[in-house]
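Chains: A, B, C and D, in written order; residue numbering restarts at 1 for each.
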Amino acid sequence: MDIGFIGLGSMGHAIVENMLKAGHRVRVWNRTSERAQPLVSLGAEIVDTPAAAFAGEAVFSMLADDAAVADVIDAALLEQAPRDLVHVNMATVSVALAEAMAREHAARGIHYVAAPVMGRPDVAAAGKLTIITAGPAEAVNRVQPIFDVIGQKTCRIGSLPQHASVIKLAANFALASAIETLGEAASLLAGHGVAMTDYLDVITASVFPGPVYAGYGKLIAERRYEPAMFKARLGLKDVRLALAAAEASSTPMPLGSLLRDNLLEVMARGEGEKDFAVLGEVAARRAGR
Amino acid sequence: MDIGFIGLGSMGHAIVENMLKAGHRVRVWNRTSERAQPLVSLGAEIVDTPAAAFAGEAVFSMLADDAAVADVIDAALLEQAPRDLVHVNMATVSVALAEAMAREHAARGIHYVAAPVMGRPDVAAAGKLTIITAGPAEAVNRVQPIFDVIGQKTCRIGSLPQHASVIKLAANFALASAIETLGEAASLLAGHGVAMTDYLDVITASVFPGPVYAGYGKLIAERRYEPAMFKARLGLKDVRLALAAAEASSTPMPLGSLLRDNLLEVMARGEGEKDFAVLGEVAARRAGR
Amino acid sequence: MDIGFIGLGSMGHAIVENMLKAGHRVRVWNRTSERAQPLVSLGAEIVDTPAAAFAGEAVFSMLADDAAVADVIDAALLEQAPRDLVHVNMATVSVALAEAMAREHAARGIHYVAAPVMGRPDVAAAGKLTIITAGPAEAVNRVQPIFDVIGQKTCRIGSLPQHASVIKLAANFALASAIETLGEAASLLAGHGVAMTDYLDVITASVFPGPVYAGYGKLIAERRYEPAMFKARLGLKDVRLALAAAEASSTPMPLGSLLRDNLLEVMARGEGEKDFAVLGEVAARRAGR
Amino acid sequence: MDIGFIGLGSMGHAIVENMLKAGHRVRVWNRTSERAQPLVSLGAEIVDTPAAAFAGEAVFSMLADDAAVADVIDAALLEQAPRDLVHVNMATVSVALAEAMAREHAARGIHYVAAPVMGRPDVAAAGKLTIITAGPAEAVNRVQPIFDVIGQKTCRIGSLPQHASVIKLAANFALASAIETLGEAASLLAGHGVAMTDYLDVITASVFPGPVYAGYGKLIAERRYEPAMFKARLGLKDVRLALAAAEASSTPMPLGSLLRDNLLEVMARGEGEKDFAVLGEVAARRAGR
């Protein structure tokens, strides 16, 4: 396929590599073009403007947050984009922005598909992302071959793009909850001189297999929060978006509030660039350890 | 081996079955002896007193809570028990009781081994329990063949029995946290008209494989809390014990407190006999759903 | 003085009455002019536009929230207003809006004074408001005679208008906390069959004199939440603004979060138009009472 | 009257002084008799045993906590006490202990009156305590003249002594809530550079008159937590008792839980001997200040 790609952070970079390896033609744009250079040897074509990426059969974007999305994908860009283009937004954005984007794309005859993903850069590099996609069925069908190349599984959840946002935010909320759980458990164990590794052996062998409890548990056991695989600052951003989405339907989320407060403490302590696992340090500090 | 077994609730029953099937001789005692009858055809010998079970090479007990343990395993029983007997306590008890039991057994030359387990009755029946054991190494070695019969994995975590309690309580705390997380997520999703099953597809395929998120998530999605596989009332008991253990070392566990408050609401609403998943109903009710 | 007044809700109405009684000339504007009619007999002059009120020596505004303020006091209005006019904004607005308003007024040579007040309509009618004012000293001096007529005490807290917002929001946060406290205490007392009135006698005679504990305590004791003197919906608005102001400086406010969640439950239950005291009903419901 | 008095901490000491000044005969007992010496010059008679104090027309006790009460006022003491004696317990004890004490006294024909008080030692010295009393009306009538000497107001709340405990615990819960409120407000204000004293001026002049907001607010504004007038450790004790009383009737108290967690942090940080106001430091620390 002839694809545009906007946003070459570590996630975008890994995704584009897999697109190229699968033989697709990819025009890439990034705010700072040096990020794009290493992809040229794999066949990527660097373009100078987002508009040049907004062409071909489909354009994918993977930008940092609502502000970046709103800034790059503006009305002017949409106005000049070809009718019938499919735009796949892979960023984790607010429910409100997802709704607004869907509306604005539709008004101009552009297909808007939301496709936030589960998985960090290493998972993206391995082509093992789980893709949460929502949008018009026909548009999703057209980009499904690309999803097959970059992910291990595509979860299609209907035609409303904002529903993908809700699921992604609820998933990251669950991630944050698990980390908070591990942090408080670690403090309980430490208070009785029990090794966190023994605890992790037990729970990962029984109720909690999978990468989250083992992986974040290890970081907390070692109190090692750098380098960050997923920054606490970005974790807070997603918890905020989940709470905002909940508030829009008057839904109390007390555990969400607890996470927000602990992550604000992380920010206040200047630890926002550390790994999300640093939530464990908040618990440790409160217990005087 | 020649084994005694005290406490034939659904867990104890399933465990004894596996002991008998593996060819061990088991003398069983239960407060109400009818519970023991079905095991006779498999070879169990019913005894009339706990003292008669406290004999042979080892005695296992699986009683409901601290009160039941303290009531049955009293000083008189220990006084008349044979020196060098190994007592394996499989109940989830408080850290304080575990310490007291270890002391009182040691004072009489009886070996005390803690062995709380991960897994509900269906897991016990399949011989797939995860056993968390702590106690004198020599004593644990002697009963390891039995652990191999009733469980899929034994996690040995040192010589202090109370450490097994701490780990078990921290594991059940994590279980409760996951259920609360699913409950709040369900309310968030419902507020936006997103299907809980779509959410579960995403997270169980990516970050949260394993039985907890899929299983409890399904119960919450269906708002079906009966019959209970693990009663909310017992979940509250364990959260309380975790908080008590934390308090003993001045450890704040705000998520633990949140769980306790929500489970108190469950009790106040007369839902204590329902499945632990009923935590999801607390979240739903607060969101007016 | 020659005064304009914008916004004739129950608070504004009571304030203007006191201005008129003290002999000041007041031009009043309200979105729906019927609200203004009763003031004519006291000497008020009804004007057709906000611009007509934005004249004379000073203009006061008492609008519902950020949206109403931003809607009425827009750039066009400020452009046509006379230089050197003093605008006194009595609404409880966000810190961000207070900063923006100060900047925009200053850019046009208009003096911006923040003056949110403590006190409900009955207190306003009695001329007993406590006025929290911040702004350029000279401008505050000019309107001090008006403050003396409508309030019992003016607290001057410096030259930055947003500081008045912070104090007002922190005060309303304290109010909400006191109500939550009373609600949880009421549930504790009810669980033991103790009369709330006995409790209120004790605390109002000792540690908690003043209108809040006695007044809200009575409403909670009687579980009577209508008619609302201060609506729960507006209480939530202020808690939100306090949390937003806190977040701007990475300040966790866990009690603030708890209040927000309980007030979201109030909204979800359709009780937003009831008195702020309805927080007590959230506690009662959770305790199954 | 002929009175016995047990427990001469700073509260007991101040109370006995007022009893003596009013002309009553007081036999005093304290675990360490040096505490009693200064009272001899005012007319107190030092006795060697609690039993010698448990005589005359009435005996008052003011001991530190449940453990001290249960230790001193044991079955042996009650057995030898004269029938028809009135025992007034002024300590803040658990609801469970109040019930047990009432039962054990009644079984021996001794009248048990609960009379916890509001007020710290300075208030006790001034004879301005607020007395929360519950017990058989006739017994309370007999000691009312003493209450009139040591307090400014007696709140009689019926015949069940445990009801006085519930009210006292709910009052101290409200005290803790107010301190937490002030602590969080202080962090919010500090984040915006607003003076805490300005805030206190506003709220004490309007909604929150009385000693609590002004007094604790001042300590928090100055971040001065020593010397302690009421120790955080004792504050935690009372919050725990309130939560235990709530739990006995399945009553969630989320604000109570929040206070408990923050006070556990205080303990973990080695600040338990500091003033209750140190809750403000927990908030400040979390905000990185």
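Assume contacts are C-beta pairs under 8 Å (C-beta built on N, C-alpha and C of every residue); 3 or more make two chains touch, one makes a residue touch a chain.
Remember, it's a predicted structure, so these values are computed and weren't measured experimentally.
Engineer: B-C or A-B: which has the larger count of contacting C-beta pairs?
Structural biologist: Pair with more contacting C-beta pairs, B-C versus A-B: A-B.
Engineer: Counting a repeat as over half of the contact pairs in common, which of A-D, C-D or B-D repeats A-C?
Structural biologist: That would be B-D, since it shares over half of the contact pairs of A-C.
Engineer: Return the distance between the CA-based centres of chain B and chain C, expressed in whole Å.
Structural biologist: Those two chain centres are 53 Å apart.
Engineer: Between chain A and chain B, what's the gap in Å when you average each chain's C-alpha atoms?
Structural biologist: 37
Engineer: Among the residues of chain A, which are close enough to touch at least two other chains?
Structural biologist: 246, 249-254, 258, 261, 264-265, 268, 286-288
Engineer: Report the residues of chain D in contact with chain B in the complex, numbered from low to high.
Structural biologist: The touching residues are 246-247, 249-254, 257-258, 260-262, 264-265, 267-268.
Engineer: Under the stated contact criterion, what part of chain B meets chain C in this complex?
Structural biologist: 254, 261, 264-265, 268-270, 286-289
Engineer: Can you name the residues of chain A that touch chain B in the complex?
Structural biologist: So the residues of chain A touching chain B come out as 95, 118-119, 130, 132, 153, 155, 157-158, 162-163, 166-167, 169-171, 173-175, 177-178, 180-182, 184-185, 187-195, 198-199, 201-203, 205-213, 242, 245-246, 248-256, 258, 283, 286-288.
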